[in-house]
């Protein structure tokens, strides 16, 4: 039995996402299952060291989850040859300098999105990583959501015939912290701290659309700062300065319209917190996080518009569902496993810093479209 | 008992909408109920004469529904003092000249939307009617849909707190006529015959938004000709030339974002063929044609994003519904009754030719926005 | 308004099928709806005369349904120029001589299936009709069953991808007349009177398979005389001599396997009295008489074989259904309307005596396959 | 308390069936329950030794399930007097030589089906075992399926009156491995590796039919290679060369028709993955893996063929069900218990190598029938 041990520096892992999705559900879950099995007698086992500024929090994580090593000294970790991978889940504003340090130290890098607060800086990471010849990746977890995997399956097997249009709805009602505690961090609502829904979500939509439907070519978006007074984690009121909703229309290179709403101020009356409705000549689908409903051409009813009587059709009943024919792993873990294989076996890994930069770019262009009230073309980078 | 008899010239009443909605469900239904009761001892009874080009069809209507008078000679009818009102449900391209003739003959006019195929001509009707001093109205039936009346009730009673955003979805899948018979007339899909979803639906959205949420100030829209090969009423294939979907974002004068999709190429997975989702600080609502679902601040759940498990919340179950505390009349009839009262008693009637012209204007601007890929301001008219 | 009156001699119309399906639900129903509309101002109206051996029965039909003309003298009717069409619903053994007489009299002929009791005689009708230059048709009603029309729609729109196999189940339990009254005529169970399920049903399967899936090229069938003692319409016991079940496998010219069971001795536990199960690469369907259930590739579950626990999948629940997007007319009437148009306007009508002969041929070959325990090739005729 | 310990050599137990059905659910389950109780104070306890070629896999099984003994040296095990029984669940192609070695070593033998890849070799096992005077058995698990036990109960208690016909449906949709992972091993679809549905399933149908309805006397079958391109366990595409469906008709010595379809390319719309529909004069039944539905003569409805209206009968609702009046053990374990008693107490055990050879014979004849397009008689063996 051959075991490849990969030392991984986990920086910024004391945050909610870092702890839950990356440490517990990815790195530790992989270790628990005996590593990533890459052959009958070959596995990859990640060996983590936790890095952060708060020694107490680190110790607590270490104790709770039995992770032996941790440090507040990033340089020390970067200088240790036992670690070949640097992972970054810091707040966006800290990402660029820290990832650059890791690249300079010759580490392979993997990081959360958005990779930077503007396209130029995001591209500087690409340039640095390429120059240093290290491997690199960016979290694009939505691609491994079971619902979106089902959608990909439908696309790959020709279910839709020709795809006509896509409509996305993302969001839910984030309480303002005044009447009830908010369920998202307050920095999300402060522009000066890197908040705003454009940076948070358009960096996702870029790869979701690109991967499923083709590259985004053009965008028009209307942002909104719906709720401008909120209370923070300590219950202290503050002025929200970052937009909390974005109503966007994208066009892919093939001219496919993708209308996509993102909002933290909407009450959900649909199948899931994120839904993608795809219409095609031969069938339509609505994908949520895990489930995916379908209606083929053959099952398409003929609705009659008659407001004088109660509708006879139940517009949900005549949809079927893609069954769970396979197990679906945690989306973050699924990507981690691919990244670790990329590191050890040099398998292809397309979700790199350039993809991350494209996400930042779309967020920036979305904001521009809003401020200038115009359609914006998406220029090719490099 | 005082009875006001109002002679009404019904032109273009052999078409589907004219026959069903205006003749049968409005004029004849009003006559059947004994007229519009406007006081304890006072009613208005419309006295119709049917006008059209096909004598056979007119005779058939006359026989079937017991309408005594009909003629193929419009001028004769216009010259008859027994008729003070001219109603027009001709195809859009014939509307302007015929309505103008009626105005010149001194008749009050009432007509279907869109009132013209371009804004200039729509305004010419306004000018003519004002100059002639006749009363005028335009069908804006969506306002009397029970679902939208319920929405108006919610707005009027302050249910929403501050309204944050509106999202509209209209449409269903119109078969292409090749695999199965189409359920809409083929001219809808031919630009050269006045087809296209911008003219058909934006002329509605103008007054719906204006009436419920405030005047539209700006629009961006992306049209699409999704299915460009269809078969007509005789099963003969033709090239569709008019757009069959429009993805739009409106801004009202108060900066309210109203995102609105209109499509004849979408399979319906929502509450109704038309839904309006309104989010406010204090509550949200989703209105369909007849029903209206609500979720107040107090009932708003706190969803948790966890794609690793099946969602625990049913995002439909925690919505309530506005009850049917009143009877809802046919929308067309409701507006006819108001128009007849306007004629006889000079009661206010705000849905006039100017409102109709505004609908035409928005359709035109929507098309312009699509072709030029830009936001378009909505100029004030007059 | 142009009306084409077509005189139709209805022979053998006092039987169950003749009265119900052909007289009442077809000819009279067509008359009631004002004829077959073939243009804006053009219709075909059939004008029937009833022919039979029993004057009393004819008079009763005439009185009950208001059909003025009837006679027991076929030659008289055949000699009357007012009638251009001869229809035959006599028992099979009487069909050939009567249809031949009609052809000799220069009438167009339309008749029930099977057209004869053997292929040679069935072909003699073809030859005679062609020689006389008259038009001809044979009832193939199953093609207009709503369920089979839906199946055709699925085939035409490519729902199945590549069709892999077809399985048909026809039948129900015909009581033996001893314990409870039988629901089919006793001659069906007597070989010497033209009974037997091969002649009754294989004459259907020939055109059903040919029309939907391609020409039958080869057949193997096992007949069975399951219940050999029955009681007739008068409750008198008799020996059944004709087979009451046929288990067959067909191969089309493209090598498609079509396994088809026909039985009057089976208790029904399936969706309908006749079901066709079609499996394709991209989807499967099960059609009944009116409904049609579908499961696309995308909705196909992954069943697990575990007899130790109750099955978790409901193997019916994950099927959708083709909606009733159109009205479905009575199958017999639908074919009558096409035949009348064929007579008057010379529109194409492919279900002619040759098609009828092919049905007889397959019945004959099925019997041969059974008796000789062998596969039998289906020779091309003419 | 008298305990008979029976040493059992389990060869080929690292495969899916060997591990799950024979090791875990049979041998270990029997040990866990304290052995096979054959009298108030007498039990039989099997004592297994695991044999295989992969020491790692054996060790893993040994560790996981606490089976102390295992070896890669079959001869050593065969030479050990502690083991009187040899069990074989190797792939079919390895079966004959290994079972012969065990017989030569004087072991009683028990093995999976099919016992060989052709009848001659299957008979050679019979001859060898008889000559050596050892006891022998072949897995015929379907007989102990709860659904089939219920069917046997109905047959034994005369529920059917005279049995008229049997129709079997087996199968489900095995994914091709290209669009989704296949749920069966790829060798099943390669003729050169002993794949094909004839060998897999006809070896079952032989004993199922023989045991329930009488010996098979004659067979006609049409095989099909529906899907000829698949992907294997590693996702690598390959050409399928073995038939994946078999449409067969059997006749028993009593002339009972048994029509039986077996397919890995069908979407399931029936009560279970395997169903047997039996019609008799006095009643009918449909058996699945565990459940069995019944309709007696008295409950038989009289369906009416009227395609003009929706069917009034629900053809499933008027069936009853055989209750679970007893516990049903795992089918494999049930047969193991009988075999162990046969070994220790010489109780009758009819499912021997001759029965196994008959299964192989029917598979061979089915293939012959398909290739020669003919009925094939089943010759008696010995």
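Here are some notes:
Labels A, B, C and D are assigned to the chains in the order they are written; within every chain, residues are numbered from 1.
By definition in this document, a residue touches a chain if its C-beta (ideal position, glycine included) is under 8 Å from a C-beta of that chain, and two chains touch if they have at least 3 such contacts.
As the structure is a prediction and not an experimental result, all values here were calculated from the model.
When you average the Cα atoms of each chain and compare centres, the chain farthest from chain C turns out to be A. Centre-to-centre, using mean CA coordinates, chain B is 67 Å away from chain D.
One inter-chain figure worth recording: chain B and chain C are separated by 49 Å, centre to centre, where each centre is the mean of the chain's CA atoms. Look at where the CA atoms of chain A average out and do the same for chain B: the two points lie 42 Å apart. Under the contact definition stated at the top, the residues of chain D that touch 2 or more other chains are 175, 179-180. Chain contact topology: the protein chains form a pattern that is neither a line, a ring, a star nor a complete graph. Each chain pair that touches appears in this list: A-B, A-C, A-D, B-C, C-D. Within the complex formed with chain D, the chain C residues making contact are 25, 145-147, 164-165, 167, 172-173, 175, 179-180, 183, 218, 220, 222, 224, 226-227, 245, 247, 249, 251, 257, 259, 261, 263, 265-273, 277, 279, 281, 283-284, 286, 288-291, 293, 295, 297, 300, 302-305, 307-308, 310-311, 315-316, 319, 330-331, 373-375. Partner chain A is touched in their complex by these residues of chain D: 175, 179-181.
Residues 153, 156-157, 325-326 of chain A are the ones that touch chain D when the two sit in their complex. Interface residues of chain A, counted against chain C in their complex, comprise 153-154, 157-159, 282-283, 285, 294-302, 318, 320-323, 325-326.
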